[in-house]
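Here it is: the structure, laid out below.
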Amino acid sequence: RRTGYPEVIYGAGKTAEQIIGIVTAMKERQKSILATRVDSKKAAAILKTLPFLDYDATSETLIARAKKVEEVGNIAIVTAGTSDMKVAEEAAVTAEIFGNHVTRIYDVGVAGIHRLFAKLEIIRQANVVIVIAGMEGALTSVVGGLVDHPVIAVPTSIGYGSNLGGMTPLLTMLNSCSSGISVVNIDNGFGAAYNASMINRLISEAHE
Amino acid sequence: RRTGYPEVIYGAGKTAEQIIGIVTAMKERQKSILATRVDSKKAAAILKTLPFLDYDATSETLIARAKKVEEVGNIAIVTAGTSDMKVAEEAAVTAEIFGNHVTRIYDVGVAGIHRLFAKLEIIRQANVVIVIAGMEGALTSVVGGLVDHPVIAVPTSIGYGSNLGGMTPLLTMLNSCSSGISVVNIDNGFGAAYNASMINRLISEAHE
Amino acid sequence: RRTGYPEVIYGAGKTAEQIIGIVTAMKERQKSILATRVDSKKAAAILKTLPFLDYDATSETLIARAKKVEEVGNIAIVTAGTSDMKVAEEAAVTAEIFGNHVTRIYDVGVAGIHRLFAKLEIIRQANVVIVIAGMEGALTSVVGGLVDHPVIAVPTSIGYGSNLGGMTPLLTMLNSCSSGISVVNIDNGFGAAYNASMINRLISEAHE
Amino acid sequence: RRTGYPEVIYGAGKTAEQIIGIVTAMKERQKSILATRVDSKKAAAILKTLPFLDYDATSETLIARAKKVEEVGNIAIVTAGTSDMKVAEEAAVTAEIFGNHVTRIYDVGVAGIHRLFAKLEIIRQANVVIVIAGMEGALTSVVGGLVDHPVIAVPTSIGYGSNLGGMTPLLTMLNSCSSGISVVNIDNGFGAAYNASMINRLISEAHE
Amino acid sequence: RRTGYPEVIYGAGKTAEQIIGIVTAMKERQKSILATRVDSKKAAAILKTLPFLDYDATSETLIARAKKVEEVGNIAIVTAGTSDMKVAEEAAVTAEIFGNHVTRIYDVGVAGIHRLFAKLEIIRQANVVIVIAGMEGALTSVVGGLVDHPVIAVPTSIGYGSNLGGMTPLLTMLNSCSSGISVVNIDNGFGAAYNASMINRLISEAHE
Amino acid sequence: RRTGYPEVIYGAGKTAEQIIGIVTAMKERQKSILATRVDSKKAAAILKTLPFLDYDATSETLIARAKKVEEVGNIAIVTAGTSDMKVAEEAAVTAEIFGNHVTRIYDVGVAGIHRLFAKLEIIRQANVVIVIAGMEGALTSVVGGLVDHPVIAVPTSIGYGSNLGGMTPLLTMLNSCSSGISVVNIDNGFGAAYNASMINRLISEAHE
Amino acid sequence: RRTGYPEVIYGAGKTAEQIIGIVTAMKERQKSILATRVDSKKAAAILKTLPFLDYDATSETLIARAKKVEEVGNIAIVTAGTSDMKVAEEAAVTAEIFGNHVTRIYDVGVAGIHRLFAKLEIIRQANVVIVIAGMEGALTSVVGGLVDHPVIAVPTSIGYGSNLGGMTPLLTMLNSCSSGISVVNIDNGFGAAYNASMINRLISEAHE
Amino acid sequence: RRTGYPEVIYGAGKTAEQIIGIVTAMKERQKSILATRVDSKKAAAILKTLPFLDYDATSETLIARAKKVEEVGNIAIVTAGTSDMKVAEEAAVTAEIFGNHVTRIYDVGVAGIHRLFAKLEIIRQANVVIVIAGMEGALTSVVGGLVDHPVIAVPTSIGYGSNLGGMTPLLTMLNSCSSGISVVNIDNGFGAAYNASMINRLISEAHE
């Protein structure tokens, strides 16, 4: 993998002890470290042993920065509602530690579409746009129709009843009538950011 | 049922002979008659025996008008794409024979949202709005957010793959983040129009 | 949006602190406030800071009334069983704070259909009928066949096994053989009331 | 198996030749023969070789009666719509050749519930009631609530969209709030009649 | 409803207070009372106020017997595994309080089919057989093929993974290649017993 | 791959021309050739050009035998019904050309379990047993409980309604309460035979 | 939209007449035209009126090239089997008319993984990789793990039984353990190419 | 059943008391005992009464070894990730107590396929290979393509969102494009080991 990229730990289903072990081993390699899906209780246990880590409670990520990375290009992260923020921040934290400049545009769901239009010029300046939405996920199609850059869609599990744990916005996004949208798994902020980072960095590096 | 209302035959799964029989019996009662879901082949067979019927190939409806009904109020029928027209015309023909004024606004899907905004004032003048969309059905949420009158949403079976025969726009519409939307079965243009007619006529009659 | 309408907070997935923040900001605007999906524990925490709010434990709603609204027209709320009451009261509280007169007809499921017939004249007097049912949701079709006004159906997640968390009554309601029924998401009492309120108020205002 | 019972062939997926072979072999045993799911084209081919068989086009059954069976007891077969008749007649023909008296009550769906009430006393006289319905299948719950004898429910594949080929009425029937209902597979008129026959004959024989 | 039958309360989703209220009201009518789906904690609370009730922990039922009912006929209750016992006892307790003689044949699943054959003659003596099975539910088809009396099948939610909370045995039972099987909802021991009771009592009464 | 093994073509979705091309190229290598899923029309077209091929209409396979293979060991192929024969013969033809001795035991479904018991000793002599069943697939669990050798289960798409195109027997087989069963895709006779062949030949070769 | 981009018609569900009308109107604008999902019969009808169009039977596309576009960058299109070629060519034709250089690497599914490794260096040279696979879609995860550039995955409807019309590879791709993969709808070769084109052209333009 | 085989208890859904009872009864028969799915809390309670049992916390198994079994042949157990270890150890412990030699190859998922290739020769030496994977389960197809011995695939419930509790890797494995793979239920390590043991022991015994 590309030099300079952080090492990543997927924290779900790992114990605090296991994560401590992996981080300690990684430390040797002098790279930045990102652990996702670490809930606050597990984080507290890890921080006792590894106090140099930074924990971010919203995104549930643990981070060790090897050295300051330059943040290149521009990835816009757009969410429909405030409940999508956890997924959005997993994406944002990931994108930043992978060396991307991130622009956050939160809470611009289509129920009040003027909020989206107010931010449209900012969104259009990004190389890549990550759209994050639960409920019915309609925001993706609207953004996809308004911007000419690649859109990576993340359905979230926010909703109830026939939302089916995020299957509804997932299906919405896969069937979008707008072109230029591709989709990752439900709640997969990390995956969206990883994809967006690849694209944004390829463009930024080509500009150099 | 309300006097003046037409009699309705659901043509799917009925033979030409059965429909001829029902229409002939209904004729006695001197009401208008609407038969839906009559494909062109079945219609041709029926028209040989009952040449006074009018067949509309787009909506696949057969109609006998007892007398001119006054078309009151205003129902807007809004579609995302041209492929939704069959369902839209089933709704339009139904609404008209039930005595409602209908405004058609077709092909204003969110992939090119300016088309919708160009028609917004017209849509907002209706007492009730029927939104018809296949694929991912996102148009419903956008319209629901922009108008303050009741929206009746009709998912269509237009789409492929994970569209699942219209289940995707159905789920989208049920989970909409916009308020004021209620939903009928996939491709059920008749049902949407029947609902809209009830509401539009109650308002129109109250105005009198 | 229409003047006089309350501001609404969807409490699910928001912390007590977040809700306190939003209510405090809204207070400025001197409108009524409705927060839904606030469980009793969260409500207790909020009431400590904002003791002027009224909490209703059945509907799990918090309310601040700016001034007495006149309740116009008539919305009937009909339930199949006593377990559907939580959803029914979410609908009732919503409809009332939006300025509608509400008639409650609870526990009239089709297993003992005489209970429904005993209340039929009362139900028929409403401008709009909300039917709320879990299990198999058959009540909707029966009511839809008996009343000539719009019926808004709310499936509930009451049931077990092949009920699939409310998907069964949802599908029942969408496929009803009775005309005049439209459907909202599982357990969405608020959404049904919002729709019903739009229709009831349009009729009531037209009468003026 | 019980003496006097006919031999049964499930015709779906068997060729005309295979059915001719099986019937010819059975003939030896001098019992009545019932072949279900034989479409008209296959039947024509079979009748050329075995002209003594009776074909019924509605139920798509072929029958050879060994001798007149006495039809005992009473099984009511109740349908929601005319499109359910194919399944109903499969049930009726089966019940009759198994020696049961059958009472047909067709087209009494809940959209116009007075039609059901008009027939209620007739239905209540049966030892067992078979209820056959497609769309949303709500008729089952209403009948189940009104009669005190066993109800066997048959969902049909009549419907469209979210009907899902009969899965919707199947789920409706399994989740009925009325007691005394058990369910067979979609379109399984034969199975319902077989069950009903067992019950009806046990009662009738006990009376002797 | 038939005189002599107990009154039934479905305890799931009702509070101890609500159940106490209903039982107290019912007491007046001097009938037996059966409350199902009452977990041990709720039962303890109820018994403090209503110490005359009998609680059965396996079936999670509360019972008040008005007077000794004669148990007529014979219903066999057959289970595949020991984990199905909770559902089986709900059925058994229900059948007994409705006045039926019950024969329990537990733990005879098809993995060791000799256990079933060892009990076959006992099973065949019943007027009706209730078969209760989770996992893949194959026992139903085997029993259905071996007995000539009506079989009522109850799928249970025992299993994991692709068992889908009991949907797998439910589908198995609905698609059985054996005749004479009808099906109730997952875990619905009460419903199976209610059906079986109707049939068994009709036969028993006819014998008198 | 093992020397002596035939080359395999999956004929579904390939044109006659494509299959002719592949067979012609394979011919060079002087191995046996097996083409599965070749319907009779496609086969006729291929045989015109390549008359040395043998077509078997039941299994829809085309075969070219390089030289006589010795058929070692013993694979039992057991089916529930006659409609499963197409899948069974795909398995049998495949097993034979892969050099296995095959024992066919057809039409022994559990509705008449004595048919299975009559063949049990023959089945038990096989090294591996392939069980093929549609409808509810219960035969698999019964065979799995009676034999001590590996059972490979093949669900078929034979059935209707809630059979869901073979998903029901697939789920049944995956959830079997009998040990020693593993499962392949719906209708995949080839895959079952390939697996069985591996096992049977490993055992046979070890015996040498 | 970007100048120089072709105009696109989605041919599915449009009549030959409708397509002729749209193409004729577009012609005025002097841009290239791409119509997808035009089957050979519809194409023949269109070509009679508009003989200047080029029809490609594999991809089922109709094309009118306004002028030669320069094909920049490099998009690799990788398929698992030959049956995926229709979708692959829809992607390839689309990518080319949008001005991208395309490298085709077909039939390198994981059943014989050496075929993939033989082409790995060629794949790694592309700016973006489109992976197209039916059956179980595992190729995507393998490619995703081996290349460091963005992968756009297209599930196809090639398969049978529990493949569920492409839902299986769709789910596989969404849940991939490899990073850098995003997904479009089943069989959506056009959508994948549109996304890939955006990314490839942004990189190529940045290099200029 | 084969002499020398251990007796097995499926601990899920059994109380500590029930397991103690069964173990005590089995003890008499002087065979080894294996109890699976016993969580640590239940195990602690059992060990108080039956201190001779060995508890393994990873696999959640309780074991009593009657006498040392010779471990014959070779079963390879291959996992995609560390989170699959629980299922893998259930398989390993089962295989060992059934008298098989086990080779563990863990954490070789396809995201970094070099890890798998590094172990390939070791895997190829086994008589049977068990592949255990969650997420999208692609490892199975890759292993199936690389080894010529039977592969038994176990999907695990590791994953989130559209993983659907393991349904995604289950479907992946059933639809594999590689031959020689058969599948057991989600998380069914025991079942896979039981199958593998049958095959491995038949081969080992044949070698003797």
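Every chain is named by a letter (A, B, C, D, E, F, G and H) in the order it is written, and numbering of its residues begins at 1.
Methods note: a contact is a pair of C-beta atoms (placed from the backbone, for glycine too) under 8 Å apart; a residue touches a chain by one contact, two chains touch by 3 or more.
Treat the numbers as computed from the prediction; the structure is a model and nothing was measured.
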Set of chains adjacent to chain C and to chain H: A, E
Chains in simultaneous contact with chain D and chain H: E, F
Greatest separation from chain G - chain, by CA centre: E
Type of chain E:chain H copy interface by residue overlap (half), same or different: different
Length of the line joining the C-alpha centres of chain F and chain H, rounded to whole Å: 27
Mean-CA-position distance for chain E and chain A (Å): 51
Chain A-chain D separation of Cα centroids, rounded to whole Å: 57
Distance from chain F to chain D - Cα centre to Cα centre, in angstrom: 36
Shared interface positions of chain H, touching two or more other chains: 161-163, 167, 170, 174-175, 179, 185
Complete list of chain pairs which touch one another: A-B, A-C, A-G, A-H, B-C, B-D, B-G, C-D, C-E, D-E, D-F, E-F, E-H, F-G, F-H, G-H
Sites on chain A touched by chain B in the complex: 80-81, 109-113, 135-138, 140-142, 144-146, 159, 161-164, 167-169, 171-179
Chain G-touching residues of chain B, taken from the complex the two chains share: 82-83, 158, 160-163
Parts of chain A lying in touch with chain G, wherever the complex brings them together: 1-2, 127, 148-150, 152, 170, 174-175, 179-185, 191-192, 194-195, 198-199, 202-204, 206-207
Chain H to chain E touching residues, read off their complex: 12-14, 18, 155, 157, 165-167, 170, 185-188
